[in-house]
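Encoded as structure tokens, here's the structure I'll be asking about.
Each chain gets a letter, A, B, C and D, in the order it is written, and its residues are counted from 1.
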Amino acid sequence: MTEPLLSIRNLKTHFHTDEGTVRAVDGVSLDVDRGETVCVVGESGSGKTVTAESITRLIPEPPGEIVDGTVRFDGEDVTAMSEKQLEALRGGRIGHIFQNPQGALNPVYTVGWQIREAIQLHDKKAKDKEARERAIDLLDRVGIPDATSRIDDYPHEFSGGMKQRIVIAMALASNPDLLIADEPTTALDVTIQMQILRLLNQVQEEFNTGIVMITHDLGVVAEVADRVVVMYAGKVMEEGDVYEIFENPSHPYTRALLECLPGRGEKMSAIGGSLPSTTSPPDGCRFHPRCPYAVGDCEIGEQPPMYAVDDGDHAVSCVHFEPGADPSVVLGEDGSDAVGGARADGGDETGGDAR
Amino acid sequence: MPSGNTDKRINRRSWLKALGVGGAAGLAGCSGEQNNQTTTSEDGGGQTTESTDSATETDDSSGRTVGGTYREAMATDAKSVNFLFHSDTSSAKFVGATMDFAYDFKDFGEIVPLWVEEYSETDKQEWEFTLRDNLRWSDPYGDLTAEDWVYTAQNLYGALSPEESETKENWAGVVQFSDWKDLTIEKTGTRSMMVTLPEPEPAFIASTAFWGGRCLPKDLVKEYVDNQDVEGLKQDEELNSLSYTGNLGPYDFEEWKRESRFVATRAEDYYLREIAGSEEIPERFADAPYFDQYELQIIPEESTRLSALKEGDLTYFEDVPSQKVEQFQGMDHLKFRFPPNPFCGMAYYNQRPNGWEMLQNTDVRRALSTAVSKTAIAENIYRGFPTVAQTFQPEWSPWYLTDQVEEFGVGDSYGAEKARSMMEDAISGSDYSYDGDTLVDGDGNQVELTFVYRAGSQNNQTVAEFYKQELAKIGINVKPTNGGPFNTLQNKYLLNSKDGGNPSFNAGLDATSQEPWDLLYGVSLNAYPINPDGSNVFWVPDGGFNFMGYDPEAPIADLYQEARTATDDETRKQAFAKIFGALSEEQPSNFLNFSVYKNAYAKNYMGMPAEGEYGYLQGWDSSTWYLAEQ
Amino acid sequence: MMGGEDYRDRFEDIDWDDMQRSGLDSLTTQTAGFLASLGVVALLLVYDYVVVANDGPTFTTPFEWDVTQLDWLLVVTLLTVVFFAVYPLYDNPRMSRRYWREFRKNRAAVVSGVFLVGIFGLGLVGPLFIAKPDLNVLAQYQPPVFLSVPESTVGTCVGPVSDGMCHGTWQYPLGTTGQGKGIMKSVIYGMRVSLEVGLITPLIIIIIGTAVGTVAAYSGGIVDELLMRYVDIQLTFPTFFLYLLLLYLYGGTLFLLIVIFGITSWGSTARLVRSEALQRREEEYIQAAQSAGASEFWVIRKHLVPNVSNTVITNASLLIPSLILFEAAFSFLGLGDPTVPSWGQVISAGRSDIDTAWWISTIPGVFLFTTVLALNFVGDALRDALDPRAED
Amino acid sequence: MKWYIARRLAWTVVATFIILSLTFGLMAASPDPQAASYVAQQVQEGGDFEEAQESYERARGLDQPLWERYKNYMIGMVTLDWGWSETRSQPVTEAILEAWPYSVMYATPALIISTVLGVAIGLYSATHRNSLEDYAASAFAFFGISIPDFWFGILMILIFGVWLGWIPIYYHSDVPWFSLQNVQQLIAPTLVVTLSSIASEMRFSRATALEYVNAEFVKTAKAKGADSWRRVTRHIFRPALVPLSTILVGDILNIVLVSSYLVEVVFGIPGLGQLSYKAIIQQDVALVLATVLIPTFIAIVGNLFQDLAYTVLDPRISYGER
């Protein structure tokens, strides 16, 4: 098996603050292949964004620090790279798209200037004129109408969706192999969301780009993901093929997340309790304080390792899936859906209804 | 050149200083101000010119050579070099460097003829002055003649011509007006002119019309006079750059950089050089002045000025602050002289209706003066530099007769107990009485006196607080009050008016000032020992400057009249002695002290009288002072 | 982001409406206490001016205290601080604790705070028990204790003399000035001056600035335009000159200085309050109050003012040190109140003696510097604690 | 925008007019110590009080009706005839022309140094928040804003002038402007002014930059591969320039209005601060009026410039609304 485009192993990113060390990411592993879209999902504060930003070391250092683990991009160890190499990587082979297009563009420069900057930073030979041509071309490609005349406009003269397209244009400026999109649609209207996702899809198909998509929106996951990584409090709870995850959610947390999706449960239920402290996380499984199935083993030691579920591309970090354990505690007797056990009647669901 | 030189040139009219106040100078914290028409003090040994000469001759032996730069640091810049409008010390010093004046005194009654070669008088009423024949203005104004003088006097100073009798108006607002407005002047020859007084005045020669008097070239001012153009007169380029002064002074104006420095260079044709060797103008004037350059640095900051002195940057420093004298005396590159000056520091008693009514009682004032130690003020607050005053003349003045003067606040005539018993006598029969240790009024409240002092000098405040301590001993509470700078002080406390009428310094004895006060300090007055006649404005009931509302028991007005018109010196002397005796008895104000200058000179600066011999009028030959070879 | 529930505990989030009821008992404890205290002060004022003999001391027991105009102002200011800053903190311990937690993070600020409490406490009570520094012509230029200077510098040495050196004594721990005034006493009286300048002036500025700012923001239109144009002028007009002129002409009393400072320096505060209030004005609760028929004055007083209080407090905390520096500069230039021994004045008095009696200028200078420094530290921490925008 | 600028200019004119009138009124209402001294002198020498007063007023045109004087004054202002300084005996404009180079000589280097260094250090602190350098810079800034400049000046003179003898103890206005001596004597005043303004520059630029350091668009720039220099200079500094331009104007004004007084008085520099201080102390009406105008013009023009700078620097600001 060839090495994946991006391979993260046991990544630990901590932040040193006055209140103590925040273990934002605490041992995350994931792989992304070319042309593949991997969605990282989880609540706010679960460490998704830090994971994404650790890939190219965008996190502010200090206070942030990658204390352990490796990030290999196309066979090279990013964590060992010099700042110069990183700069070449960022925006060169790895493009970033951020959550808030309002803030992602510098208000005092024209959009053309900002895209040109992205081009010229990686193609030192590109003359202003040539870069401008390319910028217009990029704008055109991301669907900005009348790109030639709008290139000299300032960001505040564009709508939210348009801005996000511009951000994507910047991310695509150097034809990256990997796109890291951090909640690219959260700040947008639903109709615009769809357009943006399609645009990303298009790009991916065209260039065979790998995409890491950070989101808490399971709808988006269902829309674009090939594979899904579920994070909670800096740890991976479950990962696997998108179909597996949706149809056969195994970790109680994943199940609870899905439960929150409208139309999936009988009623929308929020997960009780709140995120654990990131400075002194609980022993054992991070989720155990909120987990209805928690047993004694859950409360001691480390986060359980990833146990394979079935045979497919699906693993889960839960003691109940330890070989020899009985996963039906979580999954219910029928092995299908019985989240929380609180449900009076097991409403049927189809994994595909979001698709 | 020499402070002395400039000292002498200070117009007597530097009135602002005469009051011991003034804008920035007041702020800078100097209270005793300059003006050095000095005479030797009696205990200073020999007040004769001889001693002066001998002192100078000693210096002569080291040889006078022309060269070097005279450098002095001053606190305040001149307001103008146009002497028609300003007469502050700095202005006078600037003008004095480039122009002499009619004549000066080197001792009481002994004149140094400068522009005026000689004078004569008839019946003490007609005075004829003759100008020297080598006085020249700069081109194109030609010789300085009687024509210039008479024209200036009649058209600018307000003097009358023989055919006029009405007082003129002071159209240009010149400072010389009050000297000249009653005089009649006419030309009697190319270089001679006659002044006629309204009544005989034996001491006219010592009045400021001619003493320290100057004139302007007629052709320079005529245009402005004809058009009554004050603006033009004030702003004239030549008047403001002293470019017309010809050979009339020891130096020629070179540069005046405002708030920074005044520079003049040695005049090549100083008129006195031609005359040197005569009886009045000694040989040493033949090369005067002895500096190539004359520089006055304006350094407002006292500490900086002192630093410059310490660094040896200065030839002369006028009036080192008392508390620094000892320190600077210890420096090898400096020497000191302590000439006395005629400014009397006084604590005035308000005898107007808005002061404590008991202050109108002479005995009360005498008791109060007994309670305050003049010695302590002189010794401790002023560090021993001023001499204690007893009346409005310094002891070294010829008009001061010891047997006429009653002393207060020194020796046996000082003391809380004595003052207390004097006060008890003085208040008997009034509503006031002593309640234990406090002096109380009819209602039993302690007497409280408001002591107003002029802002600007730390010492003024210190005196006020010292007064508080002293009078507390006789049961009186003193409330020190900051009267503000001079103009505020003047408006609030000095000017008085009756029934809302126009204010003036004396609008009748029953007029009152805007704010009530009881005691006032910080306005020193010049005693003019050379001719104390002018001091009548302070002490006679309708005197223009009798702001404290003093109504003398002695016939002071008559005595002044007698002194003014007495044709024989002894009568005059006796009249003045009686006046100053009466003042000491009646204590219209508590005469505290006469200040002394603490002047520092560069060690190699020579020619001035020896220490202890430097008296009141001995700066007259300062243009002959010089730098000795190192 | 702060959690939502913490977020409520701020001055500006106090439910001020809670504190008002209808009719007579609409007075809260706070307001009632404040008004009652003001009443007492007013009575005393009347007593001082009508009953007490001319210029006699107002109180004779337990200590003699002739209350001056400035003292009255200070008392009112202190009352205001007590009722509108200390009382709410006491009344709302949760909020106080939160502020304290925030504030405590800044070590320097805590140390500074302790220092300032010391300085101002001493300034407040010191002058009641310590006599004004009086001149002593026999004790000029005494060096501070443990130090010595050549005997020629001092007039008469109060302390021991050895080898021609005059040593300082405990009688004058910090030495004396050229007038023989004890520097320690001067410094303590100077604390009072700084306290007065630092408390009364900001209060005046806050009151006028807040009033103008909120009225302008709420009224809008021509009123806003006029007020803001006036502020423009006031900000452009060199008020420094105005101070100089007035102080010089009418004599520099500290009272006048403080009042002039107060009534000419509120421009930027008004601007700040206005812009803050403009944002607030659009918020729903204001709209709600308006549509409920609340009067303009009511809306301004009950809704706008409380809601801009954090901005105002922060602003004021930054004003205080600069005002104290300003007063010192004025006294230094000889334009302050010559009867009040403010630090600037003592510095100025010792300026010409700096080479022989360095302590005269240096000691009050050190106090001035450290006080301003401490105020800056506290102000900075206060801003961090109060200003929601400064949070991460 | 043109409409906005036109209105802005019109207001500048109106404000100038109002301030001029206020100043005139203030001076007209205040007593004249020159008159006081003149009159006192005349009276002491036996003159008549009222006569002396009248002749003083007549000679100075003070007997004209107030309106007439106001009119003349306003016309004079416009025609650059700012009157005659009574205490210096020279035209006011000349006095100002003589004085300003001395102020500029220390204020310009101070302004340049404090702006460049202050902003640079502020940016550095902001981008290296909580680093040792940041703490050091903050401590320095606190020191700078807290130390009274007049006191600092005195200490400098004491230590470097009196004790060490490195700098001259008083200002020599007669040394050539472009000489080593002049540089030497300007070091201390420049340093004092620099210290006080650099501290506020640092604080302000740090605070301003902090708002941008964590801005999304800076992260975007990092993600684009911009190095830290480029991020700071292009992406943080440039947007921060808008608020920073305000402090520059404030800084100049602060120097003109406050520092110049204290520094020039302490060091004895015959600049504008000294000029106007003296004018006020000595109540030189014409000169006071003029020296009031200089900072006023700087403030008015500065504010105008600053508002216009916003139009150039920040494309977001729309002027239609104002």
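One rule holds in what follows: a residue touches a chain if its C-beta (ideal position, glycine included) is under 8 Å from a C-beta of that chain, and two chains touch if they have at least 3 such contacts.
The model shown is predicted, which means the values in this text are computed figures rather than measured ones.
The leading chain pair by number of C-beta pairs in contact is B-D.
Innermost chain of the displayed assembly, by C-alpha centre distance to the whole-protein C-alpha centre, is D.
Of all chains, the one whose CA centroid is most distant from that of chain D is A. Averaged C-alpha coordinates give centres for chain B and chain C that are 47 Å from one another.
Inter-chain spacing, taken between the CA centroids of chain B and chain D, is 41 Å. Averaged Cα coordinates give chain A a centre that lies 55 Å from the centre of chain D.
Spacing of chain C relative to chain D, judged by their CA centroids, is 26 angstrom. Of all residues in chain C, those that touch two or more other chains are 248-249, 351, 354-355. Within chain B, the positions touching two or more other chains are listed as 27, 301, 303, 307, 485, 488. The set of chain A residues that touch two or more partner chains is empty. Chain pairs recorded as touching, per the definition above, are A-D, B-C, B-D, C-D.
Touching chain D in their complex are the following residues of chain C: 229, 232-233, 235-238, 240-242, 244-245, 248-249, 321, 325-326, 328-329, 332-333, 344, 347, 351, 354-355, 358, 361-362, 365, 368-369, 372-373, 375-377, 380, 392. By the touch criterion given at the top, residues 11, 15, 18-19, 22-23, 26-27, 30-31, 142-143, 145-148, 150-151, 154-155, 157-158, 162, 214, 257-258, 261-262, 265, 276-277, 280-281, 288, 291-292, 295-296, 299-300, 303 of chain D touch chain C in their complex. Residues of chain B that touch chain D in their complex: 13, 15-16, 18-19, 22-24, 27, 77, 79-82, 86-87, 169-173, 175, 177-179, 181, 208, 230-231, 234-235, 240, 257-261, 299-301, 303-305, 307-308, 311, 485-488, 490-491, 494, 502-505, 534, 537, 544-545. Considering their complex, residues 53-56, 134-135, 137-138, 140-141, 152-153, 155, 178-179, 248-251, 334, 337-339, 349, 351-356 of chain C touch chain B.
Those residues of chain A that touch chain D in the complex are listed here as 56, 58, 60, 62-63, 83, 87-92, 95-96, 98-100, 102-109, 117-118, 121-122, 154, 156, 167, 170-171, 173.
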